[in-house]
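Labels run A, B and C following the written order; every chain starts at residue 1.
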Amino acid sequence: MKRTAPMIILALGGFVLLVAYFIPYTQGWGEDAALWFDILAAIAFILGGGNLLKIHLKKMSDKVPGWGYSAVCVASFLAMLTVGLLKIGVHPNEQFPDYRWSGTYDQVGSPFWWLYEYGFKPLTATMFAMLAFYVASAAFRAFRAKNFEAILLLGTAFIILLGRTFAGVFLTGFIPEDSPMAGLKLENLTMYVMQVFNTAGNRAIMIGIALGVASTSLKVLLGVDRSYLGSGEE
Amino acid sequence: MIRPPAARALSMVLGVLLAGPVGAAWAQEGEPAAANPPAAPPRIAAHDFLMDGGDQARIVWEQSPDDPANVSAYAIYRSRTDAEIQKKIKDDRAKFIAGRKTEATKAILGEDWKTMLDTLTPQQRIDIRAARAEAAKAAAAEFDAGAMNDPASEDNRFLLHGSTKSLELKYEVDKLDRANAYVFMVKAVGKDFSKSAGAVTDAPMSPTLEWFDGTPVQSGGRFWLVWIVLIFCGAVVFWIRHARRGKPIRVRKIAGLEAVDEAVGRATEMGRPCLFVPGIQDMNDIQTIAGITVLARVARTAAEYDAKVEVPTARSLVMTTCRETVQAAYLSAGRPDAYNQDLIYYVTDEQFGYVAYLSGMMVREKPAACFYMGTFYAESLILAETGNAIGAIQIAGTAMPAQLPFFVAACDYTLIGEEFFAASAYLSGSPEELGSLKGQDLGKVIVAVLMILGIGMMTLASMVGEQSGLGERLSAAVKFLKDVILT
Amino acid sequence: MYEFFKNLDRRWVFLLMLLAVAVPILLEAKFPEKATGLATAVFTEVENLEAGAPVLLAFDFDPASEGELGPMATAFVRHCCEKKLRMYFLTLWPVGPRMVEDAVARVIKADFPELKYGDDWVNLGYKSGYEGVIKVIVTDLKQLYTTDHFGTSIGNIPMMEHIQSVQDFDLVINVSAGYAGTKEWVQYASTPFPNIRIVAGCTGVQAPLLYPYIPSQLPGLLGAIKGAAEYEKLVLDKYGANHPVRDADGNPVLDEDGNPVIPGKYLEGIRRMGPQMVAHILMIMLIIVGNVIYFVERSREGR
């Protein structure tokens, strides 16, 4: 029953929504189902928050190596939650001046805004910026001309890397714009590679992915693939 | 400047009374004195929409004589029901009163009233409340005596539904109720936003419910999509039944999936855990489900080898599902005692917070095998490079085309797109699931045939010339294929 | 030397990358930009609008992608202000309102104080639902947006009077960092409603996925900081000296050639191309060095 009930709900819900798309009266049911999911996901935040506290408090109490990071995590979590939920330092909304909590929680100048602006934003930007370093180390390590395809890849990489900067414009600047060879200017070659070869490859992958999504969804709805419920065996 | 209470109240009342007419004019759907309103459209008709649940109508009208010289748009209105009229009057009344109350507050505290709200004394709050109550009473009396309260006025009778640009002479009205009959009106809007008189439909009409798409086949609609879905699903079901009959299905080797057991075995030998990352999206993403089907296999193998699998998640629902999956996997491997639910936990919804945690955890705990199966965005390279730095064997699978290059460059094995969706079938070896892969392949064959057909027809059309009879027929055929069947 | 490169610690690569990015920034190295077809198409779409035309600016990005998308957002807002278009801001990302406020503060409040909120620009704020929001507002914007970002009722905002749906805008400008973004706008707005015109700016990683939509559903696209730099160049060429840096007396500050100095915020894209170029050249050199090591190693193993 533990596995049968979810499968029945899944199959029923899936096929009803599939057929509903083609019946005008029921077309909007899919969006309603998406809204129900959003409600579930919102409630699940509480579950996630509780789990977060449990895991990290346990690490702190057991003093496992690295428990200091857990302390920072719990302190940050509670700080943001407190200043946000209680709207500490937030002025009332000008439409409703009589109500102290009518302002928005992220009002400019409020402690929540300050934590976001000077804590969260720089940290997020830092993590994103790390990609630049990792791209360089990945390029150094992985781009080897081991075979013909790898050589093609390397050549294309050089064209794109140069063509997307002034270096490409500079290197092939001697080719006149209106000459028959203008297509060999690096910036034009770059656009050609991106719009023709790259687009073709992407389209092929996207078609395969779309078919894979449809097939996987059908398998899950039909109950053929039950591995997300655990082992495929009963 | 804060004035004495009595003077404040008097000035408030005077200010509201003086500001009233100005405010009322602004609150209505007013427009500047029309210099040159355009002529109304001569004729308008409303038809039932052929693909709806009884909630849509199509409005068509003739071009205004001043279009396009003095028409920038057409405004389309539908009639309100009685209940809607009553609600509108009630809402307008509330807005009118609220506007006057705000004016009263401003009259007492001045233009900088917004910055003074936190510093008001209790007496000032009492004075403001009294002034706002007076203003509300006066505003209510004024509204009740005015045109905004008249249900028969055009503004109350008709609801602006939408607009089209100049020279666009049709519009689809939605959110209708087939239990009601509606009258529609169209006004031409001039370049100075002045509006013409309204052209109104002759008689009320009620939309009707269709149980299926009534759009003519040659115009498109959902008819062709039904056939495409039936063909594709039929192919998948056919091959599943074919496989059930015991016919052998051959599937090419997928290196990444062959390496799953090897990776878990390596982790066991080294005495280090395995890390499984099911992506950063929620359970409503099919890639997350596909990733969790791989997790079932990885967890079962880990249970058999007595290895540890850690699954930090970015969504609470994913955490719950992964726990169920891993628990069932351990149970089926005969190791229910080895299951530890604390190894599957929630981190954070925030993308870079999640990857920051994962990076730190990977550097500290040094898992020997890392699996990245699901939806990833910019964090894919950070994960893959960190895994590389700690010397882990990495197997990635995603259907995000933008992230595939990063995984291919940095991971040992990558499942590209549909290989990732085939993982469940491949790892289980179940004939039924392998049969579904064959059905999927039929879909690809159909796509390829259509592409070759379309390219061939367009090439031939351009060779013979699109003005010639054959060229015209070929172009029309391609247009039908693109705009009707495949839309 | 060979052994050093063969066993190169990745931290040397990180250090080189740091220098490659930091040195051009610190030296304020700027290189000429040449606009390509796609950036020119985006510029032309905005430039062809008449004064007073309504334009929807959907800023669907977060602080993490501000480095790539911030300059193009600034350039878009500036272009719209110079053209005196009516700007309607909204976002599908929870942290998007901050990006809108930053762009508004940087451009409108700083250099176009004569533009009035509610008459010339309005901030509709964030609504949850990702593509669900787009599906609704393409036919009925006021169903979802009953107030603006600050809580003012839509009925009290003069410039919202003639706007019923996204179809009433002359152009949609989308700056997107991922999901929900340009792909969703194309799928749920410009495809079912071809009268909606969309131009977009996106991150470099996303751009290849959007090329299939060019030019029918997406007339133009700015890809990453390069696209932003090209667009900035076009805007500067047309409107460059309109808002120069001014001294305490309000007089334009001139450079050594006697030209007005353009504020740095309108040159961010061009400025960031300097480090990009040096970083790209560094990566090419690293790839070459890596391959040299590889071939030397192979030849030694062959012996």
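Assume contacts are C-beta pairs under 8 Å (C-beta built on N, C-alpha and C of every residue); 3 or more make two chains touch, one makes a residue touch a chain.
It should be emphasised that the depicted structure is a prediction, and the values quoted were computed from it without experimental measurement.
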Inset, instruction - Tally the contacting C-beta pairs at the A-B interface and at the B-C interface, and name the larger one. - result: A-B
Legend entry - Chain whose mean Cα position lies farthest from chain A: C
Inset, instruction - Can you check how far apart chain A and chain C are, centre to centre, with Cα atoms defining each centre and the answer in Å? - result: 19
Legend entry - Approximate Å spacing (C-alpha centroids) for the pair chain A, chain B: 15
Legend entry - Distance from chain C to chain B - Cα centre to Cα centre, in angstrom: 22
Legend entry - Per-residue multi-chain contacts in chain A, two or more chains: 34, 94-95, 124, 127-128, 135, 137, 139, 141, 143, 202, 206
Legend entry - Set of chain C residues in contact with two or more other chains: 10, 64-65, 208-209
Legend entry - Sites on chain B at which at least two other chains make contact: 352, 378, 401
Inset, instruction - Spell out the residues on chain A that touch chain B in their complex, using ranges where they run on. - result: 18, 21-28, 34, 37, 40-41, 44-45, 47-48, 51-52, 55, 58, 65-66, 69, 91-92, 94-95, 97-98, 123-124, 127-128, 130-131, 134-135, 137-139, 141-143, 202, 205-209, 211-220, 222, 224-225, 227-233
Inset, instruction - Over in the complex, which chain B residues touch chain C? Could you list them? - result: 27, 29, 73, 75, 95, 99, 160-165, 168, 174-175, 189, 193, 351-352, 377-378, 389, 401-403
Legend entry - Residues of chain C touching chain A in the complex: 8, 10, 13-14, 16-18, 21, 31-34, 36-38, 62-67, 97-98, 101, 128-129, 132, 135, 151-152, 207-209, 211-212, 214, 224, 226, 273, 276-277, 279-284, 286-287, 289-291, 294-295
Legend entry - Complex interface listing, chain C residues touching chain B: 10, 64-65, 139-140, 153, 155-156, 161-162, 164-165, 167-168, 178-179, 195, 203, 205-206, 208-209
Inset, instruction - In the complex, go through chain B and note every residue touching chain A. - result: 51-54, 102, 105, 113-114, 117-118, 125, 128-129, 209-213, 222, 225-226, 229, 232-233, 236-237, 240, 282-284, 286, 289-290, 292-293, 296-297, 300, 315-317, 319-321, 324-325, 327-329, 331-333, 342, 345-350, 352-353, 355-356, 360, 364, 378-379, 381-382, 384-385, 388, 399, 401, 404, 406, 409-410, 416-418, 420-422, 424-425, 428, 430, 432-433, 436-437, 439-440, 443-444, 447
